[in-house]
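Next come two complexes built around chain A: one with chain B, the other with chain C.
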Partner chain A sequence: MKISTVKTDKALIINIEEAEANFSKSDQFKELVFQEIEKGHHQLIISFKQVDYLDSSFLGAVVAVLKYLIPLQGKLVLVELNADIKNLFELTRLDKVFEIKKDINEASNIF
Partner chain B sequence: MNNKILLVDDEVLQLKIMERLLKSDGYQCISVTSVQEAELVLKNQIPDLIISDYEMPEANGFVFREKLLKNDALKNVPFLFLTSFNQEDLVQKGLDLQALDYIPKNIPPSQLLAKINNLMNTVHEQYQKSLSEIKNIAKKLNLSNIPPKAPLLKHFEIHYFNQSYQNHPGGDFIDFIKINERYTIMVLGDVMGKKWGAWFFSFSFLSYIRSAVRICVLDGNLCLSEILHKINKVIYADDFLKDIFSTLSMVLVDDEEAKITYAGAGDLPLLKFSHQHQGLLSHQSDGILLGFLENSTFSEQDITFEVGEEAYLVSDGMIDFEVNAVKKSDINLLKKRLYDLKISGKSTEEIKEILFNKEVSQIDDCSFIIIKRK
Partner chain C sequence: MSLALPIIIQAEAPQKPEDINSFIKAFVELLTQQIQPDAKLLSNIKLILIEYCTNAIKHVAEEVNIIQAEIDKPLLRLKKIDKAPKFKVGDLILSHDILQNYAFVELDKDSFQFILREDKQQENINLIPEHFGFEIVIRASEEFTYHYNQEDKTNVFCASLTLI
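And then the complex of A and B:
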């Protein structure tokens, strides 16, 4: 499971560097993001730019990250979702609980 | 049967020979020329067997094996050494590193293939035996996430199907809770995750769901909104499930009035086939995944039926497709396929056969409930 991070003055950008975000990577992804949160990064942008397909296990990991951030008064914005992935968030009503923005610029404006 | 083999050898010719031999016997091979490359592959997938050379530049086969043994996800993947270095002390060290065998490269190909086949068969048989033992224990403990049969109702025919992913138990669960002669509650849920983890957690969710339904019914309450609200509350409060989420579709069948009420949590829409409409209708619920928020609302909606109309509850595995090695989630594709099958006059059994055909690439466990108005 590969991610890369970029720190800006407003948030930590986490790029998922996988075309397929699936069951075999979901636990590791969750742990990697939890580690960043524990380091004090509570304002996060997760970019799905390189992700073509996301399964429900990985979706569960992203939900777990948001749930972990809520009591810490953190913020999580998801960006650069392809049409299929965006549709999956809408189908499962997760678009109501996540902030979903088109790109990093748009996401940065809300911090 | 599992058949993916990772081959690690710095000699490209040796890799080509092995690939040819193994592919001729139906195995899939991933070939890499160094331990570093092997580690990159293993970050993304877990093979069913690893065959590694001993002497390689930078890191040798023993270093590779030692690293694997320290990795919980990889230490149990069957491992063989295949090498020209066959001094006794090396053979002993390889076997001490829990390699299943230490094979000389000059072994005749037919013998090498026989060894690999025997090993894979043994691993497969052992897996099936363990799976069967766990399933038997689950049965004895009355743990089942899929019921043995559908309820028989006056005004509705109920059919349901569940197909596990790669023969592993999964996180989908179905239950039919008969309240009395008039009312039956049906649930279809999907714990987010795959295989064993999701399977175990599905029992926790099912226990809460069954308890909440029974408690509400004892209070004379058949309101799905309230039942779901209670289920969500207890799941949210359970620390054991704090990182685990589940979708849930819940349907209350009124067999006297011949109607159903539906509510859901993070689930895919209930789909309905009606002769009056082109295409399937979607009835979307408004609840969020169970366990995510402490206070969620779950609105219920009444769905009426004409004779012959059908409603479908589906888990997310039903909308995951793999076409030309590209995976995607597409509910519209499922809706189109189902609608086309219905208007072509296919029976429920035929629809099941077509949807769960082994030729169709399945990438998650799939569950499906059909509610047909008689």
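And then the complex of A and C:
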């Protein structure tokens, strides 16, 4: 599971560097993001730019990240979702729970 | 008189997670040679296929796993057929997620239908589920059923969608 991070003055940007965000990577993804949160990064932007598809397990991992952040008064914004991933969030009604923005610029404005 | 017989497209499910993406692309390409779904329907089809592949690899990788599309206009039935032991509701881990979000309606001794309990978003973030597999298929289809075929000892999961 590969991610890359970029620290800005407002948030930590986490880029998922995988085309397939599936169950074989979901636990590792969760752990990697939890590690960043434990380092003190509580304002996160996760970019799905490289991701072709997301399965149910990976979706669960993204939900787990949000649950981990909330008690810490953290914020999580999801960006650069393709049409299928956006549809997945809409179908599961999670688009009402997550902040979803078009790109990093738009996401940065809400911190 | 002409007969419009169903068109069947089927393939063995991928056995490795890294093969899911290419499988979905190839399967959808075959499918769209026969039907022209709009963007929303096509996206729902892909989400169902992804969950079928995930389920095949995670739960029954050692068994025969077939992904099948049956085009029977105006219906499209997406099926996952496997030779694993009969699926029983009692075998599921009845987590908070599953109990809260959907139920199983028995159709006969070998069949049941998955249905959503309530169609509203949970307000408490801590009660939002982290297990979405069945829920995605239920929401992406109009009907999602399970049938155990006694004759050939197969499990058949079937998601039905209406072609526009």
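Keep in mind that, in the parts below, the second predicted complex is superposed on the first by the 111 of 111 C-alpha atoms of A that agree within 3 Å, B and C clash if a C-alpha of one lies under 4 Å from a C-alpha of the other, contacts with A are read in each partner's own complex, and residues count from 1 in each chain.
Going forward, contacts are C-beta pairs under 8 Å (C-beta built on N, C-alpha and C of every residue); 3 or more make two chains touch, one makes a residue touch a chain.
Not measured: the values here are computed from a predicted model.
Trainee: Quick one: chain B and chain C on chain A, clash or fit?
Mentor: clash
Trainee: Between chain B (first) and chain C (second), which, if any, makes contact with A:Arg93: first, second, both or neither?
Mentor: Touch partners of A:Arg93: chain B and chain C.
Trainee: Using the superposition on chain A described above, determine whether A:Asp84 touches chain B (first), chain C (second), both, or neither.
Mentor: both
Trainee: Which partner does A:Glu17 contact after superposing on A: first (chain B), second (chain C), both, neither?
Mentor: After superposition on chain A, A:Glu17 lies in contact with neither partner.
Trainee: If we overlay the two complexes on their shared chain A, which of chain B and chain C does A:Val63 touch? Say first, second, both or neither.
Mentor: both
Trainee: Mind working out whether A:Glu31 is in touch with chain B, chain C, both or neither, as first, second, both or neither?
Mentor: neither
Trainee: Taking the superposition on A as described, I'd like to know which of chain B and chain C A:Lys2 touches: first, second, both or neither.
Mentor: Touch status of A:Lys2: first partner only.
Trainee: Which positions of chain A sit in both the chain B and the chain C interface?
Mentor: 20, 23-25, 52-53, 55-57, 59-60, 63-64, 67, 84, 87-88, 91-94, 96-97
Trainee: Report the residues of chain A in contact with chain C in the complex, numbered from low to high.
Mentor: Touch residues, chain A against chain C: 19-20, 22-25, 52-53, 55-57, 59-61, 63-64, 66-67, 70, 83-84, 87-88, 91-94, 96-97.
Trainee: Spell out the part of chain A that touches chain B in their complex, as residue ranges.
Mentor: Per the stated touch rule, the residues are 1-2, 18, 20, 23-26, 30, 52-57, 59-60, 63-64, 67, 84-85, 87-88, 91-94, 96-97.
Trainee: Could you list, by residue number, the parts of chain B that touch chain A in their complex?
Mentor: 43-46, 190, 192-195, 198, 242-245, 247, 266-269, 285-289, 292-293, 316, 320, 326-331, 363-364
Trainee: Which bits of chain C are touching chain A when the two form their complex?
Mentor: Where chain C meets chain A, its residues are 17-18, 20-21, 24, 39-40, 43-44, 46-47, 50-51, 54, 57-58, 120-121, 125-126, 128-133, 135-136, 139-140.
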